[in-house]
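Naming follows writing order (A, B, C, D and E), and every chain is counted from residue 1.
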Amino acid sequence: MTGSVAELFFLAFFGLAAIWFGIVVFRTHSMVRSALALLFSQTAIGAMFLVMQAEFLGVLQIMMMATEMSVMALFMVMFMMDPGGMGAMDMSHQKRLSLRAGGVGLLAALAVSWLPDWGPAAINIPSAARQTELLGIELLGRSMFIFESAGLTILTSMIAATMVAIAPRKSGVTHDC
Amino acid sequence: MIVELSVALSIGAGLFAVGLYGALSQTNLVMIMMGIELILAAALVNLVAFWRYLHPDAMSGQMFVLIVMTVMAVEMAVGFAIAIARFRSRGSVEMEEARELKG
Amino acid sequence: MGRDLFFLIPELTLAVTAMVMLVAEMLRLPRLVLTLGLVGLTTATLLTLSVLDANTTVFGGTYRIDMLSGWAKLILLPGTALALLLARAELAGQDREGSVYSLLCLITLGALMLAGSGDMMLLVLGVVLTGLGSFALVTFPRDDAATEAGMKYLVFGSVAGAVMIYGLSFWFGGTGSTLYSELGQLEGRPLIAAAGLVAVIVGLGYKAALVPFHFWAPDAYDGAPVSIAAYLSVITKIAAIFAFAQVLRDLPVSTGWPLAIALVAAATMTLGYVTALVQTNVVRLLAFSSIAQAGYFLLGIVALGVSPLALPAIIVFGAAYVAMNLGAFAVVMIAGRSLDDFAGFGRRRPVIGLAMVVFLLSLTGIPPLFGFVGKLYLFGAAIDAGFLWLVVIAILNSVLALGVYLRIIVAMYSRVEGQANTAPISRPLAVAIAITVIVTLAMGGFAGILPS
Amino acid sequence: MLPLLSIATFLPIAGGLVLMLRRGQSTQAIHAVSIGVTGVTFLLSLAIWAGGIVPGGFAQVEELAWIPAIGASYRLGVDGLNLPLVLLTTVLFFLSAIYSARLKDRAATFVVLMLMLETASLGAFMALDALLFYVFFEVSLVGMYFMIAGWGHEDRQRAALMFFLYTLLGSLPLLLAILGLYLSSGTFDMRVWIDTPPLTGIAAMLALIAMLFTFAIKIPSFPVHTWLPAAHVQAPTVGSVILAGVMLKFGTYGLVRFALQMTPEAFTKAGLVILAFGVFSALYGAFAALAQSDLKKMVAYTSVNHMGYIVMAVAVAALTVDPKMRAVALDGATLQMVSHGLVTGALFFLVGMLYDRTHSREMGDFGGLLGGAPWLGWAFILSAFASLGLPGLAHFPAEFQIFLATLQVQPWAIIAILAIVVTAGLYLRAIARVFLGEANEKWSAMPDLGRREKWVIVPLLVLTILIGIAPATLIDMIHTTMASLSF
Amino acid sequence: MLVLILLAPLLAALVIFALRRAPEVLALFAAALGLLGAAGQMFAVSSGVWSTAVLPFLPDMPIRLVATPLTAILSLVVATVATFVLLYAVGYMRHDPQRVRFFGTMLLFVTAMQGLVLSGDWITLLAAWELIGFASYLLIGFWHDRPGVAAAATRAFLYTRSADLGLYIGAFLLIGVAGTSEISTTLATTGTPALIAGLLLLVAAMGKSAQVPMQDWLQRAMAGPTPVSALLHSATLVAAGAILLIRTAPMLPAGALVVIGIVGGVTAVITGLIALAEKDLKRLLAASTSSQYGLMLVAIGAGAPIAALLHLISHAAIKSSLFIGAGVFQHDRDGTGMESLAGAGRARPGIFAGFALSALALAGIPPLAGFFSKDAVIAATLASPAALWLVPLALAATVLTGAYMGRALRILWAGAAADKTEPAPLMAAGLGALVVLAAVLALSFGPLERLLGVDMAEGGLLAPVLGLSAAISGLVLGWLITPARLLGPIFGFAQRGFVMFGGMDALVARPALAIAAACERLERWLYDLVLGFGRLNLSLGWLAQKIDTKGIDRPIFGLVRRTINTGTRARKLQSGFIHREMALAVIGMAVIVAVLLAAPLYS
């Protein structure tokens, strides 16, 4: 099963890359670099999806994350006192506790990942085209309500974001009730 | 024991741990949101792995991935909106400064 | 499909209402937005009656039309209407007032999704939808306090949501499905069940403000407008509790969730009231009180599947809680946020003062008020399920609760010489208080119309 | 047939609602309404009495679905245990309404509270549904809290709080017990629980302990009685009268109705302990009263003593196997409840009247008042002697039966009879200090009872004497029920 | 008849209270009516018609009034004495503004006493017994605004009530054993219950009849008006004790009888000594009352209740006339101290003659009534199995009776008749009638014995001789020798009423008050304890500081402080730092995970 070995290798490779860039996100002192690291991490994950033959999802992930991270980088520049990281300031606190929490989380997650018997592996995977077709059926059938709900969620987030982000008018007329 | 699944899940676990660490340790709202993104990414990895190696016929797995991606996006949107509002009000999005409300 | 849509009429009505409200908001007609919202919510409530007796699922089991979701509509829709009235009283004339109303309706839609969810994806979307809307509402005043509250709420909520999603992914791995109804497969696979369960406890626990995921609540309520705090303390909390019930109904008991929930319940009640004892800000006091009340809800959750009283208990207490907590917050809008503002309040405004007494006594659980009926069901369910110790803790906490609420009552009737405040109370507020007080008073006697 | 029981129960609160809705009336009109409503309620209770009772069950039952989902209904009915208490309640509230007719401080609210308390009391006594009973029980608590907190004396807030906490903490175990009974029977119908006690064994014992805790606080029995003197001293006169005259009876009524009738086995097992508590309470109350120099506090402590006798009687009834003695004990206990209501009510009224005039309750401040205020003095003397159990007055037949049964069943417990000497001593001392001896110049201008006050006191004294010399009418009714109790 | 006897005084009392005028006429009318009724009933009974009246009271325990020879005789005695005392009282109370209350209460008193003697069941007896106590409380405390009166009344009631416990328990015991409250049935009780009940009844009788050691209250009870004393000592309150024992005598077993006899004998002697040492005429008479009732108890103890009854009857007439006489002198001299009364008899020779006649009758000089009744008592002691104890005691009491009466007569006669006083015809009439009774009552003894169906054992000459010699020697001693010399070392002791160990006050009252104080301390402690909980719930933020500033340092507040501290500490968890709070949430999550993983252990 050479295919399987290759799959395993690439899976591990992109996975480790994702984790590595994830770590970099919090290790660098530059916001912009953090954003870029996150972008690489997410792209690596997208690559993992491709390795796992979920092509639609992989492409979607890479595209979405690219746009998202560029927006994020923009915000970095806006909101950071020192976006370039020149002052080498520390942007973290309670590191030890957080490390421990992360460690415990890691152990717990690994335990849940390894210890249970996940059952037999699946052999046949639908082809990419079939997947998309099935996803469409799923989307318009059983999951239609969920899909619509997701739409509502996006709508809500749009209204919420605009309501909060747009500066209030300076009229300052308030009625006391 | 499926090796690939284990590897994928371990990578998910790693991403989760890093994300958790980030969410807890960062002082800046935007950085915390990056941590959240990583946790969600971990969930994505898990979901795709489960779909791929255990339940390839259950398209709800892929559906779930789509939903989670949506969640990532909208959370970013609202998060940044709130960050803007905060920045406008206080000139900073440092969490350390946000402790007027307590007790 | 047509059949499915018929069962979704209330939700669809609400969704359409929200869209129409948005349009009206774009026209900058806040009064119209409000009217539309009230009309839509009322219509949706009435339409609910047609599907109340149904016990089915739609869209392949992803959404449940059962007693819980039916009553959730009957409780949350009018509750939202009341919250609209409160918000109108507080925010009238402010910029983007209409957005608040439409957001409230959209969040309620998310709450209904939670309460009827039969699928993990819907659970995730419900949590996120209600969460995002809530973050924005809390931040609405955009001053220091509000943005701080919103930021904290956002961080806490997003992290909790993300952890929940990560945990839920294991349930998908374990069952190969995102439906709750498949959770029975986890029997005998404790690790997987526990992973998802912890995730659900985190996600919904944060939503319902259960200890130890309650930290955001006092700050968020404090920073937010009072009417928004009232809404958040009621609608999303109840939705989360109902969602809890939907999930745990299908989870095998052997995973040990009842004890875990019971412990959370005990901690929630106790910590909520103990901390409320030393609060001097009434909004924070009510925040901690609503944390404690969430603990009482869990008495019904632990009895799920064992006691036939469990579901009615959650529903009845939910209805009671909406009325009394909204009412209490409404009075806070009149009196002020500080405990000092309440000194002599009962003498300045005897009628509103009396209403506040009714709300607080109902929150304490004094019969024949509605809150008592709810607690009665809850205690009964928990005893039935063998959680006598938890009920004893709940009862001890009721005494603590008395201390908490009596502090307000005592302050209200202390002799502070002050001018009788004759400023008229705005009409929406008066209507809201009247409705809540009537419900709180009368439903004790007409509890018969509640579900069995 | 009119639903007399419901009308009697809800008429007072309906009157209260009318007063609440039509604000801004003159004080006189308010009191006229209150006297009228309580008076009509009293007449209604007489009509209920005329309706009669039946042996071995409840009469004049009224039933209405309330929460069908959990088997809770609105059920009222009377038997020989609660009908005397209903009569007592309506009498005392009627007289309280007359007494408070001069009150001007927030009269409307006070009257509404009083009427609410009457509804709660009547409802609690007549309820045949445990949930309904609990509801009325708690409502009375709230009403009394506000009455003490709003119209009490100097330290009223604290006393009110103490009262509230104590009794609320006390009533929650009752809720547990009620739930326990409900869950094992599927209904809240007290008749079902009485006919076939649903709990057995350890569950019954736990339920009994919970109920005893509740009722011991309400009765109040040593050592959970300390709220009583505090509450009484601070409460307004009408509050004290209602509290001592009516609300303490919830405890003893519950002791018989709930503890004894619904968990008879467990009660019999715990009988000796309960008896010991009763005996100790009776003695302790008497001695504690002896130590008081505050008249009101003294009267309050004698309640502990008198209610202790009732606890004894109920315990004795549970312990005996002789149905005749059981009937004697329970007859005595029930009659004692009525007597205590009348006599202690009169005493609190009188102490209140004295306080109205002098703003003091301290025995040492007085002396020789009998000369200047013979009505007040003689009324007090008569009530005091009634309270210490003089034959021909209300307490005698009751205490006679209680002690008679006690000696037959548990001879050692007769030691409680010592308390009748102690109460005699303390009342005589109080009379001697306050009313006898050389007249204190300070009070030489003190007026005697006015017409309104006589209207309050004289009926109570007449009833006290009537029950003392001819208890038969009342006790025959009580006996009808008690003799047909089955265990 | 039964009803008439009771209702006449009762209704009259109510009418008097209601009308508030003409109390004298109504009282006398009622008393006469009552007397008529009693006489009629006596007649009926003597012709063999016994009657019973039943009134409903408690279930299965109605009120029962019975007319048997014994009760009819006693009723007649009560009615007679009451009538004449009331006659006297009309004069005595002529100027008192509170006449209405006086006569009303007196009539109630008579009603209660009639109820007692006629009672056919224990409840009635008990009720009447207590009501007598109540009425006497009111009467002793009649002049309530005078110093010391309230205390005297209180003491009288408390003493008798304490002893009443015996009657209560005894009655409960008898009712329980017999299953009915009817006295005649319960008298069939035998064995241990009878012994216990007998002793308990003795306790009650000791209290009412002022027997040692509960004799003290009677002398203090002189605080009331004289007619009250006259009635109280002769045929009502004090007599009740003896009447109780006489009525229950058929039930009393030998053991109880011995105790009764000894108690009576000891009382007769000790109170005789007290009487001899008294400095006050009325108090002397009071002590003498105790002594005479002691003699009656001796008779009962000797197994001859009929002798006790005879002595009770003659004593009723004698003692009421003595008191009435003393009351006249008291009116004259405004006091009853021996010094102030010196020579009072000379001023009113008529009254003194009556007084002297009664005194001699009490001492037991033939042919007055007292001689015969005392003779019967001594004869009974001689025939008793416990004669060894009882005879000396009875004789000593007789000597003492003579002695103190002799002393009283001498003092009344010896001084100078200072003033001439206005005539008191009504008082004299009452006195006269009673003295006549005291003198000639003996004539009725024979018929009475026949009526009761008892034949007094003829004790030969021994009893009369012993009695008479004792009486005469007593009289002579009393007339000639002052009590201080007569009594020698015990004089002072007797004067203080033989108070031992601080008397009842120290033995009963003070311990009772000490218990009360202890209860009060416990009460405070409990109150603080509960208040602690109360405060805990009122724990406004300022409370902790308030506790500190006020410096209240009681352990209970520790608990309060702890809870508030808990609240404050819990509040600190809400640090405002979202990252800390999230860390706490993560820790909580870990705990939940632990609980869930432990699930197999408990589910």
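The rule is simple: contacts are C-beta pairs under 8 Å (C-beta built on N, C-alpha and C of every residue); 3 or more make two chains touch, one makes a residue touch a chain.
Keep in mind it's a predicted model, so treat the numbers as computed, not measured.
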Could you give the fewest steps needed to travel from subunit C to subunit E through chains in contact?
1
Which chain's C-alpha centroid is most distant from that of subunit A?
E
Comparison of A-C and C-D by number of C-beta pairs in contact, larger one:
A-C
For which chain is the distance between its Cα centroid and the global protein Cα centroid smallest?
D
How many Å are there between the centre of subunit B and the centre of subunit E, using C-alpha atoms for each centre?
95
Roughly how many whole angstrom separate the Cα centroids of subunit A and subunit B?
6
Find the geometric centre of each of subunit D and subunit E from their Cα atoms only, then give the gap between the two centres in Å, rounded to an integer.
33
Computed distance of Cα centres, subunit E from subunit A, in Å
100
In subunit C, which residues are in touch with two or more of the other chains?
119, 121, 125, 128, 132, 135-136, 139, 142, 150-152, 155, 159, 163, 166, 170, 173, 191, 194, 218-219, 279, 399, 402-403, 406, 410
Touching two or more other chains in subunit B are residues 12, 16, 19-20, 23-25, 27, 29, 35, 42, 49, 54-55, 60, 63, 67, 71, 74-75, 78, 81-83, 85, 88, 93, 95-96, 98-103
For subunit E, write out the residues touching at least two other chains, lowest number first.
537-538, 571, 574, 576, 578-579, 582-583, 586, 593
Chains touching one another, given as label pairs in label order:
A-B, A-C, A-E, B-C, B-E, C-D, C-E, D-E
In the complex, go through subunit A and note every residue touching subunit B.
4, 7-8, 11-12, 15-16, 18-19, 22-23, 25-26, 31, 34-35, 38, 41-42, 45, 48-49, 52-54, 56-57, 60-61, 64, 68, 71-72, 75-76, 78-81, 91-95, 97-99, 101-103, 105-106, 109-110, 113-114, 118-119, 121-122, 124-126, 131, 134-135, 137-139, 142-143, 146-147, 150, 153-154, 156-158, 160-165, 167
Could you pull out which subunit B residues touch subunit E in their complex?
20, 23-25, 27, 95-96, 98-103
Note: in the complex, subunit A contacts subunit E through residues 93-94, 97-98, 101, 104-105, 108
Subunit B contact footprint on subunit C (complex, rising order):
119-121, 124-125, 128, 132, 135-136, 139, 142-145, 147-152, 154-155, 158-159, 161-163, 165-166, 168-170, 172-173, 176-179, 218-219, 222-223, 279, 284
For subunit B, which residues are in contact with subunit C within the complex?
12, 16, 19-20, 23, 29, 32-33, 35-36, 39-40, 42-43, 46-47, 49-50, 54-55, 58, 60-61, 63-64, 67-68, 71, 74-75, 78-79, 81-83, 85-86, 88-90, 93, 95, 98-103
